[in-house]
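I've put the structures underneath this note.
Common to both upcoming complexes is subunit A, partnered first by subunit B, then by subunit C.
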Partner chain A sequence: MLIYSLLAGLLFGLYFTLIGLGLNLVFGVMRIVNLAHGDFLMLGGFLAFWLFNLFAVNPLPAIPIALFLFMMAGLPLYYLLVPRLLAARDPEMLSIILFFGFSQVIEALTTIAFGTSERSIPGIELGRPVAAVESWFAGRKVAPGPVTLFGQTFPAAWIVSAIVSALAVFLIFLYLYRTRLGYLTRAVMVQREEALSSGINVHRVSAIAFGVGIALAAISGLFAPFMLGSITPAMGVDVTIVSFAVIVIGSLGNPLGTVLGGVLYGISYMLMQSYFSSWANLLPYLLLIAILLVRPSGLLGRQVRRA
Partner chain B sequence: MPRLWRHALAIVVPVVGAMAVLPALYGNHLLLFNFVVFMLLAQGVNVIYGFTGYLPFGYVGFFGTGAYGFSLMVVHLATPPLLALVAGGAAAVLLGLLLTPLLRLSGAYFSIANLAAALAVLQVVSNPDLQDITKGPYGIALNGIYQPTLAYGVALAILAATLMTVVYLRNSRFGMALQAIREDPISAGMAGINVVRERVIAWLISALIAGLAGSVFAWYVSVFYPETVFGSEFSIFAIVFALFGGPATVLGPLLGVIILYGIYNTIGITTPQYFQLIYGLLIMVLVLFLPNGLASLLRRWGIDVP
Partner chain C sequence: MFQKLVCGLGLASIVALCGAAQAAEAPKEIKFGTLYASAGPFAVISMPVHYGLKLWAEQANAEGGVFVKAFNKKIPVKLVAYDDQSNPATAATLYDQLITQDKVDILITDSGSVLTAPAVPIARNHKMLLIDQTGTGANFFTADNPYIALMSDPVSTIWPKPLADFITHDGPALGIKRVALLYSTNDFTTTQANAVRKFITEAKAGIDIVYDQGVETKTSNYTVLINNIRATNPDAVIELGYDGNDIAFLRNLQDSGTKFKMVFCIYPGLETNVLEKNVGGEGLQYVYTYVPSSEIAYQASFGMNLAQYKAAWDKKYTDGKVEFGFNSVAGYTTGLVLEKALSVADSLDQLALRNAIASLSGNLRTLDGTFAIDEMGAQIGEITPLGQLALDKDKHIKFVTVYPHDVATGKAIYPAP
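Moving on to the complex of A and B:
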């Protein structure tokens, strides 16, 4: 039971990292709080659902589609909302309210378009690629089904989601630490004004980071039907809270911290589920408050407390 | 006549008077009661957000705590409603005291922590393990205390007291001090304001208002679920109403409630998603073009908004 909880926590932790990563990137670069993060995840979930039901597209090949669509949506959205917001007196505070309004708009439009019913995709769909890989290794046909890892059995969908999340985190690190654009992005993260004065096109860099941020939310949404249960237009708020818990534990604005936060959150969530299941839903909130009070800058962060 | 009394005569008396007369002219008393509740909540948000600058995303936590504080006293101890009302307010203030460390956080961190706190209280109250005490997720049904007319009257009294408090904040050194803290806590401290004490007082006043509103709400409706009194729409509506009218004014939040809650009741009940769309868009437009609400628009036209 303990080993099961730890391993399941690790798998979920990687997935939670993916959920939080986009939010953290946006906060780190623009210092704005994207309260509509969970709603972009929800849209990703609906994308997976419709691609699967209309064209029988598996969520895995849907990843590049989501990346492209949401990058394309994110860039104009950035120029529409953010520069005006950053010119205001207290952008961080106003961004909460602005993106709250935006999340309401997304939720309302989704409800108008699709209704409030719950949608899901059979978990076997993510089992197929795993079975294909297993068949290749074993040299014989393996039926799709649960996967055994260190003597514990997990749904194949959990393994696939965790692997995709780990890959996405790795790619984000390459983007931030191994490309010129990432170098500029980190410069904007550290000091927006100085980046501007040293000739960096801050708006272009930020717009790309914003697009990547919401595309990451949408990609994690593709796996939401398997990891978070069925998808509904109203699920966004809860997801946003969870992603906040994850990135605050790690520390706001530090992508490396998100991995730590996601894994810690996933493991403690699974331990709560196993040992005090009726109190497990309380965990994200208490963890969030406790971390904010004891170490508001997160486990790997800089100073944020005032007065 | 000092501004304080002028404002009291010009706003508090007409508003409370109108809400007192309306039940005789209009049949839907529950709707009028809800208007009073939202006026209370919008002014409560005004005290902590408008004057002090802390955006309480989990403001409903105090409302729900007040409702449960009231109901548990009635259910377990058979307390008379007026006494239970005091207990409800006290419970909210107690929660406020418990959450005072959150005020050390700034900006977004405070809002998110406050939201998490409200959701944590909801999780505790609705936990099936505590069914013997709070009835868990099955909700509360109060018997034998249903007196809608008296409850409405008490709500009006609370409204009058709340409005007077806001009028006082608008016209006093204390209110100025709070606004100074909002603008720049460090400079305010340098100017001799006890930053920590003043903002804790504002926080507790705000908690008390929501707690009393929650208690009287529980009294009036008598039957409710945890999700009813901890519903995030209470926080959200209250914040949007206050913001729409203009924070740090007496009139602004009242205007916000009358206009937006009025719209909500004409189109929002039958097609909630269209109302959600409209107020979502409204919030975005407000933040981008009119961050200080209707009041700032009136001020631009040269009208002084009390």
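Moving on to the complex of A and C:
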């Protein structure tokens, strides 16, 4: 039971890393809290649902589609909302209010468009690519189904989402530390005014980061029907709360902190489910309070500002 | 002669005055105040109930309203409805608003125990009869509170009896000795879990509850819990949750490749269409559930029967955004019970209404079965037998009633293949 909970926590935590990654990037670059983050995830979930139902597109090939669509949506959204926010006296607080309202609008519009019912994609759909890889390694046909890892059996979707999450972290790392745009992004993260005065097109850099942030939310949404039971227009708020806890635990603005926060959250959650199941959903709040009391800057707090 | 004339004129005047007074007092409309959740976790169970009630109100108004005995005439119905967004705190404010600002004649809850809970003390404090549509939590019904009546769903203290009886009566012969109980910690499913536990324990049938855990209602991933249940090697698994819980549980069960000999969930029966779309036919096959009135064609002595109601629903709600299921029947049933109660109530006084509703107990048969409430206002009729889901030749879900035996349409398949 303990080993299963730990492994499940690791895999589940990696999925929450993927969810938190975009939120943290947006906060790190712009110092604004996107409380509509969970709603972009929900929209990603609906994208996966409709792509699957209308065109039989598996969620994996839907990743580039989500990336493109939400990047394209994120860029104009940035210019519409964020520059005005950043010009305010207290952009962080104002962003919480603004994006909370935006979250409500997204939820309401999605409810009007699609109704309130839960929607899902059969779990076997993410089992197929895993089975294909297993078949290739085994040299024989392997039927889609759960995957055995260190003697424990997990749904294939957990493995796929964990791999996608690890890849996303790696690519974000490359983007931030191995590309020119990444250097500029980090410069904005460290000191926005200095970046501006040194001639960096801060808004362009921030807009791209904003687009990447919500695209990451949407990509994590592609796996939500598998990882979170189903998708509904109302799911965004709860997801935002958990992802906010994840990035605060790791440290606001630090992608590596998000990995740590996600894994810590996942393992703690699964242990709570095993041993104190009634209290498991209190966990994000308990961790938030604990981390804010003990280490307000998050577990990897200092490094980010000096990145 | 003169005396007779005076008496006659006097009586005529009194009758005329009474008639005039009645006509003057009769309201233009009877205000039904209710809440619904267009968004949030309870929207799925709230909107069908609300749509059912709306459908009833529109039909009633199309016929000139409902007959109100207190005024001896038909009076149109006005539905005053607010959206609580699945938020109990918002619901509390809105219930209060319906009573104090809108001054509704009849107060009707939102669907489900979570959104009914805030209404119970508010209605009681205002001495307003609470028409509880589907809130079955045990603590809503107390001997000292006459201001509540449950319309649909048996109260959760007795609702799971067919399930528990099946396990304790038929279970030992089938090989059921170890039961796992997993439930969401809200008024509805906690009450159901308590009832299951009580019935099984009291039966002394040699059944052990080997796993007994509550989880928060917002739980959306059950994989670890399923693994923990599997470790206890149960012969039967009872999972009690709302529709989102059941979807997640059954999907996780399927995705993790775990098979239990018997699995019971509530919502495959209550919202079958939603569950089938999310879990799929194969995921629901062999699952045990309640067989609700949306699956049994009860002979209705009042209102439409199931086929007529389904046709009316499909005609009115064509976009398919709100699914037809047990909850849609429940909303319509609320309307029917109130219509009947108004036709026999001597006044619109809240306790008179409660007495009128009580007088229908055991005498009113709707498409939801026989309406019967106890002295606390809890529904004790409209019992849902235990069923097991099977696939028909088109691979769609069908119900096989397995318990009680006198209404059974087939035998339970145990263990599930």
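Here is the rule we use: the second predicted complex is superposed on the first by the 301 of 307 C-alpha atoms of A that agree within 3 Å, B and C clash if a C-alpha of one lies under 4 Å from a C-alpha of the other, contacts with A are read in each partner's own complex, and residues count from 1 in each chain.
One rule holds in what follows: a contact is a pair of C-beta atoms (placed from the backbone, for glycine too) under 8 Å apart; a residue touches a chain by one contact, two chains touch by 3 or more.
Just so we're clear, the structure is a prediction, and the values are computed from it rather than from any experiment.
Partners subunit B and subunit C, brought together by superposition on subunit A, clash.
Judged by the touch definition given at the top, the superposed model places A:Glu107 against both subunit B and subunit C. Of the two partner chains placed by the overlay, only subunit C lies in contact with A:Phe154; subunit B stays clear of it.
By the touch criterion defined above, A:Asn281 reaches both subunit B and subunit C. Contacts of A:Pro146 after superposition on the shared chain: subunit C is touched, whereas subunit B is not. In the superposition on chain A, A:Leu60 makes contact with neither subunit B nor subunit C. Applying the stated contact rule after C-alpha superposition, one finds that A:Ile97 touches subunit B and leaves subunit C untouched.
Residue contacts after overlaying the shared chain place A:Met1 against subunit C, while subunit B stays out of touching range. By the touch criterion defined above, A:Leu10 reaches neither subunit B nor subunit C.
By the touch criterion stated above, A:Leu292 is placed in contact with subunit B alone, subunit C being left untouched. The single stretch of subunit B with clashing C-alpha atoms against subunit C, selected from 75-83, 93-101, 219-227 or 255-263, is 219-227. 107-108, 111, 278-279, 281-282 are the residues of subunit A that lie in the contact sets of both subunit B and subunit C, per the superposition on chain A. Within the complex formed with subunit B, the subunit A residues making contact are 33, 81, 84-85, 88-90, 92-98, 100-109, 111-112, 237, 241, 244-245, 248, 278-279, 281-282, 284-286, 288-289, 292-293, 296, 304-307. Of all residues in subunit B, only 53, 55, 57, 101-102, 104-109, 111-113, 115-117, 119-120, 123-124, 127-129, 185-186, 189, 195-196, 232, 236, 239, 243, 273-274, 276-277, 279-284, 286-288, 291 touch subunit A in the complex they form. Subunit C makes touch with subunit A in their complex at residues 38-41, 43-44, 47, 86, 185, 213-216, 218-225, 227-228, 231, 243-245, 247-248, 251-252, 254-257, 274, 277-280, 319-323.
Those residues of subunit A that touch subunit C in the complex are listed here as 1, 4-5, 8, 12, 107-108, 111, 114-120, 122-123, 127, 145-146, 152-158, 226-230, 232-234, 238, 270, 273-274, 277-282.
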